[in-house]
Amino acid sequence: MADVSEAVQDERLKQEGFATKLMKRPELGALAGVVAVTIFFLFTASDTMFTLSGVMNFMTPAAQLGILAIGAAMLMIGGEFDLSIGSMVAFSGLIFGAFVVTFGMPLVIAIPATFAIAAALGALNGTIVLKTGLPSFIVTLAFLFILRGASLVGLKIATGGSTQLRGVRDAVENDFLTPVFSGDAFTGLFAWLAKQEMIDRFSSGMPKVPGIPVEILWFVAFALIATYVLLRTPQGNWIFASGGDENAASNSGVPVRRVKISLFVLTACCATLVAIITVIDAGSTDARRGFMKEFEAIIAAVIGGCLLTGGYGSAIGAFFGAIIFGMVTIGLTYTTIDQDWFQVFLGAMLLAAVLFNNFIRKRVTGER
Amino acid sequence: MADVSEAVQDERLKQEGFATKLMKRPELGALAGVVAVTIFFLFTASDTMFTLSGVMNFMTPAAQLGILAIGAAMLMIGGEFDLSIGSMVAFSGLIFGAFVVTFGMPLVIAIPATFAIAAALGALNGTIVLKTGLPSFIVTLAFLFILRGASLVGLKIATGGSTQLRGVRDAVENDFLTPVFSGDAFTGLFAWLAKQEMIDRFSSGMPKVPGIPVEILWFVAFALIATYVLLRTPQGNWIFASGGDENAASNSGVPVRRVKISLFVLTACCATLVAIITVIDAGSTDARRGFMKEFEAIIAAVIGGCLLTGGYGSAIGAFFGAIIFGMVTIGLTYTTIDQDWFQVFLGAMLLAAVLFNNFIRKRVTGER
Amino acid sequence: MAGDTTFHHGAPKTDAQPIVQMRDIEKHFGNIIALAGVSFDVLAGECHCLLGDNGAGKSTFIKTMSGVHKPTKGEIFLNGKPMDFSSPRDAMEAGIATVFQDLAMIPLMSVTRNFFMGREPTKGKWLFKRMDIDKANAATMEAMREMGIKLRSPDQAVGTLSGGERQTVAIARAVYFGAKVLILDEPTSALGVRQTSNVLATIDRVRKQGVGVVFITHNVRHAMAVGDRFTVLNRGKTLGTARRGDITGNELQDLMAGGQEMAALEGSLGGTV
Amino acid sequence: MAGDTTFHHGAPKTDAQPIVQMRDIEKHFGNIIALAGVSFDVLAGECHCLLGDNGAGKSTFIKTMSGVHKPTKGEIFLNGKPMDFSSPRDAMEAGIATVFQDLAMIPLMSVTRNFFMGREPTKGKWLFKRMDIDKANAATMEAMREMGIKLRSPDQAVGTLSGGERQTVAIARAVYFGAKVLILDEPTSALGVRQTSNVLATIDRVRKQGVGVVFITHNVRHAMAVGDRFTVLNRGKTLGTARRGDITGNELQDLMAGGQEMAALEGSLGGTV
Amino acid sequence: QQIIVVTHGQANDPFWSVVKNGVEEAAKNTGATVDYRAPETFDMVQMGQLIDAAVNQEPDGLVVSIPDADALGPSIERAVQAGIPVISMNSGSDVSKKLGALLHVGQDEFTAGKTAGEKLKEMGGKTALCVNQEVGNVSLDQRCAGFEEGFGGNVEVVPTSNDPTEVKSKVQAALEANQDVDTILGLGAATVGEPAVEAVQAVGRGDTVKVASFDLSAGFLKDVADGKAAFAIDQQQFLQGYLPVAFLALNAKYGLMPGGNVPSGPNLVTEDKASQVIELSSKGIR
């Protein structure tokens, strides 16, 4: 430790403010984007957007996307892509729905079984990538199509012809695990707060926001765990190393194959978690679930500062990236902008958020 | 030259067959995939797939995709992405349609004007990427949304509320430039061949194939020119260098910025060419045109051997990649496979084609 | 070939069993033959120098030894037992530490993270087992200072280090973790005067601790300073092995130049290499 | 600081006007100060050696000279006129050729394509202006052979070359295109005996042709062999400039080690560096 | 006999999967070999190519939907010229005859939208949202346009994706942002209708906001039956798949063909009828 403090006194170092130090972390750069977007909406959107219920409203899709985005970010840091995430959401949803509805399994069996199947598929993805040396882009792209198609076929088999499998909510209603994966947490607290008139409530006296949707808790918890793993564990170091330079990492003794396969398994499991949450929440699953989510997850990760080339990025960045993306897509509905212009604004705001983040970071760190 | 032949006699070189030398070229690796896919369809598809009309039928979409894919491949070799290609197809289509239908311009003005606007947008993309140092993925993603949204808005303005602009065919019917961008070439030859019963014809006596669709000619010509530029000109060398290592290239005196901006302009122009061809051919344009084409173009380029990290790939590879993709998507409809299974087969065949290509290359070049 | 007669083929059959023995290693890359049958061994406590012209195959050879390449032909014995490393990690676990010529560093990662990459120190138990960052930082700074480099901060990205600083990190890392065999591929090429003498001193020190060192260099003086045996490669083949004392610096220099006559130099430059 | 007294500050005010003159160059990276005011010049026909410990700032300094970095402070004069390079291409066009320490090569590209990168020879006119591949291949093989490397084929990817082969390509390239100033950042670090003497001979040759050479090295003998003046950097500052003959190799060596005492070495190693 | 069906709706689209089920049932009943094909997205250029591919196989009958007469016209005319009997379905009733199709089975999207609009206006709506899950898909855009015309009041189009969570959040946002909204029309029951009902419940405006949706899904029908939603607009798209195939099969066998177009909808499913159709809907028949 003596060395460190000594080094700080090195005459070849300029003094560096606390803000500078903070902003240098890729984790926190993306925060600037969130702030920028928030300020924009504070001026342009209806006031209801930043009420408690408004915040929950945009945080719910952000959380679902964010769980995928953090998985995608970790995989990207590890130097690979998974384009099959979105299809995996549909496929896991089908598997889970079939387990619960068609076979009537209790959640305590259905959930681990679904995760196991997803993990096996993730491992298959990873194994093909590593064994053949093909780019993961192309391998997982194949799985994008295969899993999407399999979901359709499976749904038709499970339902006898429809593309929507229903009845999940009824099937799991009384399961003790249901509250972990769906609905709202802290409902008691919120009801109490509403009684004290500390939060908005309906005329019936019910709180407008019954609680915190569980996906938000999952999202936050996962972001914290992922950050901890990336920054504080040997495994995190291996992920950065594998993505930074596969050869160098392998030559230094990092078990690159194991790391990468684990990451593919992780993204598959993230997709499954989202699938389970959304399927229970919606009570049904259909063949289009998760459509284009792989894309959005990668977008959120890149907004959050991940490099497409691997080896650089952060889970917290993806966390904020997902929030930016969620805020912009939902937030524009709160404004009076003609919705024909929706995509124009979506694009412009994403660009503006990232530019702002970049500008702040450059100013603060004095990069040329 | 003496050196080269001397080097070949070096005792540290094994003799190498002609096939090996050929297969080492990334250009030709993708050919193996085409062969594999052809063999598959020879066994499974209706015989009509490989008749003249069948071939023209799958080559037409392949050609349209291929023009985009070659542009995307060159940009990828140069180390950047353009996710706005697909939206650019819609946007250019709108601009072109509006010029022709709403303003009644002749093609000789409308086409250059459309290209000019597209080129300006491409240059804008490139300038933002280079000025800000943001990843091109995120910048062009913003343009994906912006241009898609602008097409919608523009269409509504141009048509007074509809998202479909019609009447292009009537407007350009008598323009002398129309045959360059639409319809079939060599129609006279084909009619004559049909008369001689050398090619299939309908019972009415018309040749089943009236000619070679012009997009196929554009596609082939563009592939040849792109290959020539990449392999035989200084500019091609600069593209590889810029994508291989931007710093090293710039330090060696390659005008990296100019190269990259030109490539962005090129992809925008490719999108515009496809837009003009399809708009004249279809006689209409709508807000969904080119949807997901950026993605398919990148897929075709990657199937053709381009690296996502830049600096490696070929135009001919993208050429074959587009043919593989076109053959598989259209070819599956010639089989008796149920449409529900379409995506499963699409994914599996893409994977199989790439795996086969990879396997052959490894066998031939003896990589470990 | 002036060297052929003066170069005494070293007699390796001595008392000690070699730690690593390589027999008739060949390595082809596609149609390129990089190694055409090379035999080599390292004893405990010796520094065996591997010398040769550029492109002779030295790096390729030590890469087969450290598990990066699988040899196309040939056998590797570790303590007399045949070995078949499937990854550098295997070799590392078997006690072979390597400083590669390209250093095997991740430019985007910090010095500390590179230093401990693959072998991170941990603290805590079970779920709370985590990297001991403070310890790692301190150990890195200390190891670097021992080599004569005073880092500004252990958080600096390796990509922003100077060439010599980077090379020092790689050497310090290999030495830090200890091993039975230490392979150094041109470790001093980018190093300053002070750092170079530190590295040579380090080689001498670990050799005395019983570690077998394989030392690749183009600098005859460095080789003569620490080498016990000298093997010269030329165009993928070995020209033979000599023991210290059996060969002079000048003879060695001629052999290293590929057994060819030295390029004639203007008077002022003679003998400076 | 043993060196301070014995190190004669070179008197640069001579007859010739310097080709490149740099005044009080500073360069900061974020909060890291890499150069804290360095002045330097190169005359036509001289070899000016830039020496110093690892991390002293040598590479950073020559990068400001060759247009890679913009200096944070300070001025650059080319033939007496102030210059402000905005890219390496500008510097190149002004006649400054550089061999960077990291070589500036694209691993995936062939040797020839790397060799001519940015300055491809063409044949044909107008639309048919194309790369003259045969000529480029022949020129590459020839230039490499002159440096003592016999390539197998000009099509081999640079990424598969050995370290020394790669470095030779970079040097041959810089020399091939000619320039008024040639900057070499540790050009001989990975080179074999024969290649090194070729490079030193090349420096000598181009110097005699009136080119100003900036030569960075850690090897005192190489510096003494070809250098006319010697400037030593230490921790981002210059320790001064000496002319050939005003300073001995040993004095220089001490200065290069950062003006500190040499690390004490075991007897057998003394004086080998 | 071989009959080929080319539509603009993907096999995994809830609406079109019902069409496809109709096609399959007709195939089973008539014994014809039937292929169902569609582009992977709403892509008129590719759809034209698929029709060309079908014509190349010279089937005994061709069924097409015509969302863009300009783009598909030449391909359909080529089929007619090649002597293939063509029946159009779903969209394109206005151009069907002109292009040479024998007849049209289906319902015009614009008219259906208009019908829905009129009905909702009748129910007292003044300010409406038209929730479009695929902006730019002309047939969906036409539903909104027809709705606007029939409804007469203030209509805002809300563009969304296929993701139920996002749809729910967006509808909720739109409801919060504009307290005047009293009517919501979804363009797909499963993707938009169900989440829209949830959003209305979540903001506690179930009693003031009327929700209607195109097409059927079991979930949405249940909402209709429970009174949470007003009605669903049913095109009976099963017929759009079944009838043309049956007609063409009979045509090939006996040369029979009805004399005019067959309107398959619109058919409003309201509270009283909803519970009967739930079962069929969850089997992919309605």
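Chains: A, B, C, D and E, in written order; residue numbering restarts at 1 for each.
As a convention for this text, contacts are C-beta pairs under 8 Å (C-beta built on N, C-alpha and C of every residue); 3 or more make two chains touch, one makes a residue touch a chain.
Worth saying up front: this structure is predicted, and the values here are computed from it rather than measured.
J.: Which contact partners do chain A and chain B have in common?
T.: Both chain A and chain B are touched by C, D, E, going by the contact rule given at the top.
J.: From chain C, how many touching-chain steps at minimum until you land on chain E?
T.: Each step joins two touching chains, and the minimum needed here is 2.
J.: Looking at A-D and B-E, which pair shares more C-beta contacts?
T.: B-E
J.: Centre-to-centre on C-alpha atoms, which chain is most distant from chain B?
T.: Relative to chain B, the chain with the farthest C-alpha centre is C.
J.: Taking each chain's centre as the mean of its C-alpha atoms, which one ends up farthest from the centre of chain A?
T.: That would be chain D.
J.: Based only on mean CA positions, could you tell me how far chain C sits from chain D in angstrom?
T.: So the centre of chain C lies 26 Å away from the centre of chain D.
J.: Would you kindly tell me how far, in whole Å, the mean C-alpha position of chain D lies from that of chain B?
T.: The separation of the two C-alpha centroids amounts to 45 Å.
J.: Quick one: report the Å distance separating chain B from chain C, using the average Cα coordinate of each chain.
T.: About 49 Å, centre to centre.
J.: Where the CA atoms of chain D average out and where those of chain E average out, how many Å apart are those spots?
T.: That gives a centre separation of 72 Å.
J.: If you look at chain B, which of its residues touch at least two other chains?
T.: Answer for chain B, listing residues that touch two or more other chains: 12-13, 148, 152, 340, 342-343.
J.: Where in chain C do residues touch at least two different other chains?
T.: 32, 102, 152
J.: Where in chain E do residues touch two or more other chains at once?
T.: Counting only residues that touch two or more other chains, chain E contributes 11, 135.
J.: Can you give me every chain pair that touches, using the contact definition above?
T.: Inter-chain contacts occur between A-B, A-C, A-D, A-E, B-C, B-D, B-E, C-D.
J.: Touching chain A in the complex: which residues of chain C?
T.: Residue list for chain C touching chain A: 66, 68, 87-89, 92, 98, 100, 102-109, 113-114, 116-120, 122, 129-131, 133-134, 137-138, 141-142, 145, 150-154, 173.
J.: Which of the residues in chain E end up touching chain B in this complex?
T.: 11, 20, 33, 35-38, 40-46, 48-50, 52-54, 56-58, 68-71, 73-74, 81-83, 135-138, 141, 145
J.: For the complex, which residues does chain C have touching chain D?
T.: Residues of chain C touching chain D: 29, 32, 52-56, 58-60, 101-102, 148-149, 152, 156, 160-165, 168, 186, 189-198, 200-201, 204, 218-222, 224-226, 253, 256-258, 260, 262-263, 265-266, 268-269, 272-273.
J.: Tell me, which parts of chain A touch chain C in their complex?
T.: Residues of chain A touching chain C: 1-4, 7-8, 10, 12-13, 228, 232-234, 236-238, 240-241, 244-245, 247-255, 311-312.
J.: Could you pull out which chain A residues touch chain E in their complex?
T.: Against chain E, chain A makes touches at 45-46, 48-49, 53-54, 57-58, 60-61, 64, 148, 151-152, 156, 159-164, 166, 202-204, 206, 208, 278, 281-284, 286-293, 329-331, 333-336, 339-340, 342-343.
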